[in-house]
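Both of the next two complexes hold chain A, though its partner changes from chain B to chain C.
Now for the complex of A and B:
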């Protein structure tokens, strides 16, 4: 049996890592709701298992989503993950061939070059030493790129990188040293025994010409083993915890488990899967205007360290861009809205008036129009909607013509879910009593809460969807003009409800639609999101101006949006007219 | 009391030295933009809850500054946080956070 004292740090580190991870995952699995646990167990025997394997290969090893952000960044991550993975696989196979045995000590592949330096030729031995050296070269290049990224992150397409805490730093530095130390140790051994490949062999000859390798060989192996020890011990307490945790997250997600209304074992898997890569920082519009560390990465870091500030929880636009770009697919915006309920108020907000309103008697119409608070603030939209529906000959019922209570979403965004339910109950009562079959709303904020929390049992449409339907049915005819338009995707309508195409198809019927740099799921927020409670007004205006700058880059004749709040917000800063999709349709009817 | 054919109103003078400024100070520390309010009333014109009640952000702001916390407590119950006041405010007061902090302050000082 191969043994030297230097294998102890590696073995001890690996054991500690294994023990911590097993204990932690067992605890989280116990914490998961019973129904989720059942889904996970049955997931092993369903296609979900193979889907997960494919996703693990695509995301955990190849890092496809990181490649989408930046090719250099993707290459660095891929060479670390896939390179190390192959090094382990080939090292294991090499050891088994070498020893002609199926079982070997777990540290044998790691320190093989030290223990086995006889010249006996086994099957494909030259090939193995070439592959192992080639993989080591890839990993050394990745280490170089990682160090270079710390100095010049812009080269990797990142304006800002995550500010690291102590645990992260120690793990990072030990990771940086693992592969150079392996290279040195293998080269030194090769210099003495000539058992290296093209890289370590050549380096060994070179080192032996000027270094006392007899004395240096053992310390180098000790250093390599110790670096692994430090990395393994710090891994569960650092950003690198995402490496094992992400595998579980991918599997659980493929089993159909979702982030529900509260924190559970599954959310723990989500929180600990954050690799703190910092991609969300650049994508967060708040990073441009405020120095505060409020982005998804810091939010999750604060939860993990148990130092979460209310300031961080409430300083978020909930635009969902971080979730959209997250390479791990963590639903940071959902986690944040769950966390907000921790700060919900016990008293306050009673809405006695919401109980006294008597809804109007049911009318014999199928379509109900709900303008919403924000549409009442921008009356041109509701006037346009009424004109269109009158012209199209649609018989409809204007549910909140004289104003009604709010839909409840602004309140639930503040974490006061219980109070929001009072408002929802009232609206639900009014809508149900009106006897309509299709509910049309102009406000994406209302639309989202109607669809996600109301459970109305009728069709709920955004007015852009409804207008497109009217146009396709031939009830309204649109005159094409030669005007060019830019379209701003509202966050709740786009990323929230995935309604991207309907407004675009309507605009295309009225004129030419310009493409913008970041559109559809990458669209920027107008800055005035109701989810943000902390950002001061001047900073919001900065965000709005930045969004406008991008939208108006190609000099459109008008800027079209599909949300009254976005319209109100963008109008203040725009030098071209900002119109709602309903206004555009009404003008071109 | 003898009826002289007229009624006497209770004294409505506000003694700024004696008013309870705790709540205002609490809100101001957490959301300084409340100090920008000029009581113009634009918010009152848009208030969704104003359809049903006497609520307006202008009133809340004014009452808070006068230390009339009991009326603030009663009025603020009706706010739906819809955010229209924030969008129209010419001075950029972060009204929704002000309302949230007031409710928190009321809880804290048990007013």
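Now for the complex of A and C:
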């Protein structure tokens, strides 16, 4: 058996890591709701398992989504993850060949070069030492890139990198030293015993010419093993915790488990899967206008460290851009809205009006129109809708003509789940009572909560979807013009509900639609989100102006959007007319 | 003889031109419209005196005429060049004006009430602005709803586009409160049995006699002042407007119907201000008006030697104060051009932005 005292740090570190992870994961699994647990067990025997393996390969090893953000960044992540993975795999195979037995010590692959000097004695041994050296080279390059990224993040397409805490730093520095130390240790041994490949072999010869390798060899292996020890022990308390945790997250997600309305074992997996890669920082528009550390990465970090501030919880537009770009797919926006329910801010408003509201009588029509509070504040939208429907000969029920009972989403966004439920109950009663089969609303905020939380049992459409249907059925015909338009995707309609095409198809029927730099799932927020309770108004307007700059880059004649709130926000800053899609349709009908 | 170009033929531009010409300078006054008088030309009667605005315009025009100011109407500046301490300005007509000093009197614009869509201007027939109402007054027409009916209830909304963070104008426009009081009285004079409501956040009766006007409106004309912000207006079937107002004194939301709604629109930085700022490379302040060299002592001075300000291009103001300011600017320019040491005094720079939330 191969043994030297220097294997102890590595072995001890690996054991500690294993113990911590097992204990932690077991605890989380116990905390998962029973139904989620059942899904997970059965997942092993279903295609979900293979889907997960494929996703692990794609995202945990290759890091496809990081490549989408920036190629250099992707390369760095891939060479660390995939390179190290291959190093372990090839190293393990190599030792099996070497020993001609299947079971050997788990540290054998790590320290093989120290223990085995006669490398020419087995099948393909030269090939192995080439591959192992090649992988080491890739990992050394990755280390170099990682250090370089800390100094010049712009080369990796990042304006800002994550501000690291102590645990992260220690783990980071130990990781940086692992591969250079391995390189030194293997080179020193090779300098003495000529068992290295093209890299460590050559370096060994060079080192032996001026260094006392006899004395340095053992300390180098000690250093290598100790670096691994530090890395392993700090891993569970650092960003690198994402490496093992993400595997579980991917599997659980593939089993159909979702972030639901409260924190559970599953959300723990989610929170600990954040690699603090920092991609979400630049993608968050708040980072452009305020120095506060409130982005998804910091929010998750604060939860992990148990120091979450209400300030952080409420300083977020809920625009969903972080979630959209997160390579791990963490639903940070949803997690934040769940966290908000911990603080029930009582504003002292009375919601009596909802109970006093007399529901409008049922009408024998199929279509109901729900303008929503915001649309009542942008009356051109509701007037446009009424004109279109009148002209199209649609009989409809204007459910909130005489005032809206709020859909409840603004309240849930502020954490007032209880009052929100109250309003939702009233509204649900009103809508059900109206006897309609299709509910059309002009407000994406209402639409989202109708679809996600109301369980109405009828079709619920955004007015852009409904208008496109009318156009396709020939009930309205649109006159094409020479006008050129840009379209702003509202967050709740776009990333929230994935409605991207219907408004665009309507615009294309009325004129030319320009492309914008970031659109559809990548679209910017108008800045006027109801969800942010911290950012001061001037900073919101700064975000709005930046968004407008992008939208108006190619000088459209008008800017079209599909949300009353976006319309309002953009109108105050735009020098071209801002219209809702319904207004555009009404004008061209 | 030294030349001065005054840009903007409103109240401040007219009076400053006359004063400068009287001091012996050659003055070119550039006005983009085809008449002088600026926004005053659209105003019928003035608070608190109820005198006609045209009387003031005539007085100012008399000065311009008497002092032989060279007036360029329907003209605009398209290019500015700066050579040491002189300037070359090119107008839309192709005139090249060399001068030793420039006075900017580019005034203000009215807030575009359509941007505040929840009030329904441009959407509902019976929503008008204070400027529209002045036009009705000057034309001598009756105040009628769109359907030709005499309104029995009229609402005035204060602070439309002013003191409104969302609208991007956080400052008070100063003149609209007292305009609202004045117009409420005028409507009441025309339709004695109409009920009048003014919806305000605070009433700012800061000028001499303004408070007396306000008192008169309440006591003699029975105008009702409701403290609260209008949250939205909706049109009823008969064309009247249903208002939702948060009555902040009584602490309850209130609903009220009116036949006519008048929006007291605020002042915003003018198009001309933005244009001249970019031609000259001048800084605008946080609120978008010209940034003066000092808030207390150098309000007529810009950061470019030889370029001065007068009137409402640095912030909302009354006619009275615009005239005073124009004369002050004329003096400042005279001191500057005569090489007097007074012009070289300096103040330690102050930071205007400390007042506004930045983070």
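By our rule, the second predicted complex is superposed on the first by the 581 of 589 C-alpha atoms of A that agree within 3 Å, B and C clash if a C-alpha of one lies under 4 Å from a C-alpha of the other, contacts with A are read in each partner's own complex, and residues count from 1 in each chain.
In this section, a residue touches a chain if its C-beta (ideal position, glycine included) is under 8 Å from a C-beta of that chain, and two chains touch if they have at least 3 such contacts.
These figures come from a predicted structure and were not determined experimentally.
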item: Clash-or-fit label for the pair chain B, chain C on chain A; value: clash
item: Chain B versus chain C as contact partner of A:534, first or second or both or neither; value: first
item: Touching partner for A:290 - first (chain B), second (chain C), both, neither; value: second
item: Touching partner for A:438 - first (chain B), second (chain C), both, neither; value: neither
item: Contacts of A:568 with chain B and chain C, given as first, second, both or neither; value: both
item: Partner chain(s) touched by A:414 [first = chain B, second = chain C, both, neither]; value: first
item: Which of chain B and chain C A:383 touches, first, second, both or neither; value: second
item: Touching partner for A:405 - first (chain B), second (chain C), both, neither; value: first
item: On chain A, positions contacted by chain B and by chain C; value: 376-377, 528, 536-538, 568
item: Residue numbers on chain A that touch chain C, as the complex places them; value: 290-292, 376-380, 383, 528, 536-539, 541, 567-568, 571-573
item: Residues of chain C touching chain A in the complex; value: 115, 117-118, 120, 123-124, 165-168, 231-232, 234-235, 356-359
item: Touching residues on chain A, where the partner in the complex is chain B; value: 314, 345-354, 357, 373-374, 376-377, 402-403, 405-406, 408, 410-411, 414, 416, 423, 528, 530, 533-534, 536-538, 565, 568-569
item: Residue ranges of chain B touching chain A (in the complex, touch as defined); value: 33, 46, 48-49, 51-53, 76-84, 86-89, 92-94, 96-97, 100, 103-104, 106-107
